[in-house]
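Note that subunit A is present in both complexes that follow, paired respectively with subunit B and with subunit C.
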Partner chain A sequence: MSHDVEGRRIGWLAARTASLRIPIGGEFLLRRTFGALIAVWGAATIVFVMLFVSGDPAVFLAPETASPAQIAELSHAYGFDQPIPVQYVNFLWNVTTGNFPKSLYTDRPAFEEVLRRVPNTLAVSLSATIIGTLLGLAAGYLAVNGKIPYLRVLPLRVMMVLQSTPSFFLALILILFFSLTLRWLPTGGTGSWLHVVLPIATLSAYVAPSVARLFSASIREVQFEEHIQTARAMGLSERRIRIRHVAINALSSVVALVGLQVGGILGGAVIVENVFAWPGVGELMVRSVNNRDFPVVLAAVMLICLGYVVASLIADIMVILIDPRAQERR
Partner chain B sequence: MTQSAATRRTVLKLGAALASSTVAWSKGFAQQDRKPLVIAVDPITTLDPAQSRSSGGNLSVLSQTSSSLTTINADGKLVGDLATGWEVNSATEFTFKLNPAAKFETGKPLDASVIVWNFKRMMDPAIKATANTDFELIDRVEAVDPQTVKFFTKKPWLELPRRLSWMFMLEPEWTGSHNPKVQINASGAYRLVSYDPGGEIVLEPNPGFYGPKPSIERVIYRAIGSAATRISGIRGGEIDATLRIDPIDLAQLDGVRGYKIGAKPGQRYHVLKFHFGKKALQDIRVRQAINYAINKEAITKAVFRGYVGAGTTQVLNDQTDGFNPDFKAWPYDPAKAKALLAEAGYPNGLNLTLKTSTEGTSVSVSPCVQIIAAQLAQVGIKLDVTLLPYAGFQALRTQPEQAPDFTYAGYVSQSNSATELFGQYGSSGPYAWGIMPPAFDKNIGLAREATEPEQQIELIRAASKAMLDDVLVVFLWFQPQTFAISDRVEWTARTDDWIKATEMRWR
Partner chain C sequence: MTIIPSSRQEKRRNTLRFGLRLPGADLLAPAVLALVILAVVLSPLIAPYDPAEQDLLRLLEGPSVDHWFGTDIIGRDVLSRVLWGGIPPLIVGVGSVLIALVLGTAAGVVAGYGGGVVDGVLGRLADIQMSIPGLVLALLVLAIFGAGVSNLIFIIAIESWPLHFRVVRSHVLSVRKLAYVEAAELAGHTRFQIVRRHILPSTLPLLAVTATVNFSHAVLAEAGLSFLGIGIQPPTADWGMMVSEGQTQLSAAWWISVFPGLALFVVLLCAQLIGDWLAQRTSVTKE
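Right, the complex of A and B next:
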């Protein structure tokens, strides 16, 4: 049981929130919003330049057999024959006036095209984050507190192997074993819950190792702190100390890590979605890059960038919720 | 008759009825329970007929859901689809009679006025159509009556009915209120259930179709661009039919249960195209030497597992009008190649560059160009090969400053038309640089505007001869049409890239 500043006995959650000052001040929000805008604009600009420098999009709209004259005609019809700076200014103007370009192939607003895929990406990414984090926490906890010696060694060894395995390679191994050899799971696509098993397993394997390693290191660090010794001296049970006082305190660093990993998870999702033909934002983005459907590519990049910024912000707030002292350090 | 005999007979009758109803029920159950037919095709970016050009992708799907005046059947013959027949009134005037039962899914009739509207739409610059190659030759389209439509061309164009085989019809009113790039108002054998751009297209029979009812109840066209994913799909038993597996990959599918895997000569002909602006390649002796220096028979045997042999010096296949059976393969003669190079002023050989892509519709590109480079090295030609991503290779078409001495690619006509195919080899085709000897271009132009079929065939043959006489390309081979078909499906793969569910049935 915890106590408040006036010495009254209160619950654990109440203790955590009692002195909480959630950093949603005006300055904080302004700073983060400005940073987000700069990040989104920067990413969109880099992608815009790269897409246009790599070739006229009309080449990809035209049939394989089109002559240079036909391609030039098409390029003119779409306005791709204008200088890149002019097209860039037009693009920025359209974005700022809420007139984001439409997909060159489906004629639907590019953002709508990307948003249609967001639920699929979120389903895989969030599930993988949750499962990977839980697995990582379990492995990290066992690595310190496992009763049998091999239980303390094996989980981290497995995690080390997973961390050293690139996502695309693990995906292929899983396909080879579960789809081609055992024929238990489909190799890709959609249609049933079975289709999502391998993509989630692959992404979870990306999340779990770093969580496990950090969590075990944090537990080792926290368990020798003074308040833990005090708790032992007070006669609290070892199980209660390990879970409520050690593990919970060690969690704050894991939450920060998971927040920072969002970028990696989204990057991993691009690979995983393509290997498993899972119709998410990553698959759409790669296909659109190949087809030079630049409005969709830009919309996807901007949305992913925005997602990353928002996830970082949520992680910041979560860390402060778990460990209010973190607010002082920020 | 005793009572026991009557009872026995009644019991037997009941038993027979029960057995037959069980069989009927189980058959019905099996039919209902059967998984949909899954066909792997190239990635599909749009369903708008005005922008659909991939016979291995969106055109195959549209051929199932939408009507065209004509179509190329499984035997490669031009037949009517929406048209019950047509007359060539003159080389510039064509009359098509339409099926009176043709209608769209929404109930609107598919009559002559719809054809006229579709043609106008196709030629409207605002639509930015890419599927209207050569359609500028059409002067106007007129609806004579609801079931008769006339096409008038500016110049003679006997191949018009063939070219119309991939012009699919939209319903005018529906198009105004819907997005034809992602939706379909069906008039063909199937109707669209769902479409996920780049993913799956689900079809089911269109009850209002004027033709025979398709035998397969539910079809999924699954867009799979990656060769590795197609292979996995086959090995995992998830694909029922697909074309264009790399012949090198066929070996790993040999032992896969439940599939018939094979290949036959296809219609896509592989060539090395010359850059006619490069000094060395302007000399016909150098072009001949390169043809002599490549052992096509050995390459096809090694890379294509003997499914095809060396191609003849004619790029047309035997189903194309104007095909000449007298053409033979270019002989392999490295000594003669060396002699020709020396005669042309290159006794010590020369350095050349080649660019190609391994990601397009041509298969086994990488091993082929590597062996070609090794064989050319034996006669003193050092070939610097660059393998580009598909996007980079396509971009070359508008970047003449990046042009190499050669490009390697395979070419095919969607409608198996000689003049359309030749257009890709002519000076206005893709990857054509420099000034090409004029005879071939001249003959293509004349063949396109021929007024009589016999005259056109002669001109096509003259164009083939000009292509050989001027050595416009390095003649290589027809790409093998590889296929995988699951045992539950009965289907004969075509030699072109079209892949139609209506040509398949359950075993």
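Right, the complex of A and C next:
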């Protein structure tokens, strides 16, 4: 027989499921989702303003060889000849429905072009986020609890060096070593699982350092809290205290940090995809900028912003799942 | 056996044993950074060759006595280009940090001291600003308005003002209720005087930290954009761009990419060490 928080006797099953109850309030979810919508709207507005500050958006969206008549036609089709407030509403509508002009390069709908690349970007950035976070957690944990002095110093030093290395430079070093010298891995492109190793490694190296530094700092902080003393007084083993009580408590700030870093990770993915010719959204975007294929650039920018906002939302929810107290702090 | 003292002791022992041991070690990073900046600033005087001068008889030569860092694919001296190539990142770094500092501090003081609607609007603006990934925003702006040093400075400054804004705002909020600010108010000083004489000086240590962090972000952003071919345009020498120029020659001539990359790395590492040191001194937690 178990007891609930108020000391009532409840069945074993009820006691188990009580701790599994999802601690997220409906109000928080609603507020946070609303905030995410505002953010997407803000991003769309910034893009809209920039398109208009620069002159006639139809000129950007039409091929460079288009005749004035063709530009006027496109201008009419997307409503660029209407008053600005009407255009603004139209623009927001087109963005939400994914209605961008056709790619000037491949003549397919721009949004489709970008969507086709999404799985590739997702594969690299998601796995890099996971691997990088795990590496960072390991390094941060060792930095505090390592048995040998070197184990405590070295991980953070390595992380510091990684943090100061631009990811494109790290990528070239990895290519130089693993592809050109050892000839173990391809220098770029797609084909086999070997092609994905270096991109993920490079992007993980971007994620890991800040995770490691924050994790070790918050472990050091949590270490001296009262509930840890209680655990020690109860006679729990050091190992159990370190993992079950200190590390888990320090974890929520790490998840919050990874959430804040999503923007940087997506930016890093743009660079990594370009170095390794990995056909993701970022590679498409840079290529489209160089080809002056603006419909694709716009579609890619909007999609990345959307992905960013959604990812931050997920990170926020995860923080609360790990540490329900975070909900009240906000 | 007590629990707290022993763990506190362990903490102190750790910092003693693994902290910086040399008395001058704190100065190492600033000294190296100063040296690099000096070399870049003096590049017109000390660079052995003209960074644009081509020597078509000596293409892709490795490091030698004549060309310490070798030559690139059209026979330009890599050492000279590395020296000259530091100018755009440093200009963009310093320029954008200055603009972002002014913007962020002004907005932070206004929001923190004024409060109310202004505070809400500025805070929302900073949030929206953060909802576009920096590199993506920069790509879009540079694609629409064209690449160039001034556009780079502008867009990186626009991206980084919330960093200063947040820190200054929360500092002003905590300081404005303190006795000395209230005393200044009672003494009849105007808001402007109070901000200038009593509040701004106390933000300086915080700004030193955010500025350092911002500087490395700015240099990194400039290098990344130039690497992607959207920042500094050829034939101007630039570290990020040189790394990308050398990528196709990596197997034949590693030195084209590696030396500018190393220069970038040294600057970023020094900036980070200085930032950490400053943050420790002023006990500001970095994000």
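FYI, the second predicted complex is superposed on the first by the 233 of 330 C-alpha atoms of A that agree within 3 Å, B and C clash if a C-alpha of one lies under 4 Å from a C-alpha of the other, contacts with A are read in each partner's own complex, and residues count from 1 in each chain.
Keep this in mind: a residue touches a chain if its C-beta (ideal position, glycine included) is under 8 Å from a C-beta of that chain, and two chains touch if they have at least 3 such contacts.
Given the structure is predicted, the values throughout are model-derived calculations rather than measurements.
*Asks:* Is A:290 touching anything from subunit B or subunit C once the two structures are fitted on A? First, second, both or neither.
*Replies:* In the superposition, A:290 contacts both subunit B and subunit C.
*Asks:* Is A:220 in contact with subunit B, with subunit C, with both, or with neither (first, second, both, neither)?
*Replies:* second
*Asks:* With both complexes overlaid on chain A, does A:232 touch subunit B (first), subunit C (second), both or neither?
*Replies:* In the superposition, A:232 contacts subunit C only.
*Asks:* May I ask you to decide whether A:165 touches subunit B, subunit C, both, or neither, giving the answer as first, second, both or neither?
*Replies:* A:165 sits against subunit C, while subunit B stays out of touch.
*Asks:* Name the contact category of A:180: first (subunit B only), second (subunit C only), both, or neither.
*Replies:* After superposing on A, A:180 lies in contact with both subunit B and subunit C.
*Asks:* In the superposed arrangement, which partner chain does A:251 touch: subunit B (first), subunit C (second), both, or neither?
*Replies:* A:251 sits against neither subunit B nor subunit C.
*Asks:* With both complexes overlaid on chain A, does A:61 touch subunit B (first), subunit C (second), both or neither?
*Replies:* Touch status of A:61: first partner only.
*Asks:* Looking at the overlay, does A:301 come into contact with subunit B only (first), subunit C only (second), both, or neither?
*Replies:* second
*Asks:* I want to verify the contact counts: of subunit B and subunit C, which reaches more residues of subunit A?
*Replies:* C
*Asks:* Do any residues of subunit A touch both subunit B and subunit C, and if so, which are they?
*Replies:* Residues 54, 60, 175, 180, 187, 275, 290, 292 of subunit A touch both subunit B and subunit C.
*Asks:* Under the touch definition given earlier, write down the residues of subunit A that touch subunit B in their complex.
*Replies:* Listed in rising order, the residues are 54-56, 58-72, 74-75, 77-78, 105-108, 113, 175, 179-180, 183, 186-190, 275, 277, 279, 283-284, 287, 290-293.
*Asks:* Spell out the residues on subunit C that touch subunit A in their complex, using ranges where they run on.
*Replies:* 3-4, 7-8, 11, 14, 17-18, 124, 127-128, 130-137, 139-145, 216, 220, 223-224, 227-230, 240, 243-244, 246-247, 250-251, 254, 257-258, 261, 264-265, 268-269, 271-273, 287
*Asks:* Show me the residue ranges of subunit A that touch subunit C in the complex, using the header's touch definition.
*Replies:* 35, 38-40, 42-43, 46-47, 50-51, 54, 60, 149, 152-153, 160-161, 163-169, 172-173, 175-176, 180, 187, 220, 223-224, 229, 232-233, 257, 260, 262-264, 266-267, 270-271, 274-275, 285-286, 289-290, 292, 294, 297-298, 301, 304-305, 308-309
*Asks:* Inside the complex, what are the residues of subunit B that reach subunit A?
*Replies:* Residues of subunit B touching subunit A: 43, 45-46, 51, 53-54, 125, 128, 130-131, 133, 179, 181-182, 196-200, 222, 224-225, 229, 232-233, 235-238, 360-361, 390-392, 394-395, 397-400, 411, 423-424, 428-430, 432.
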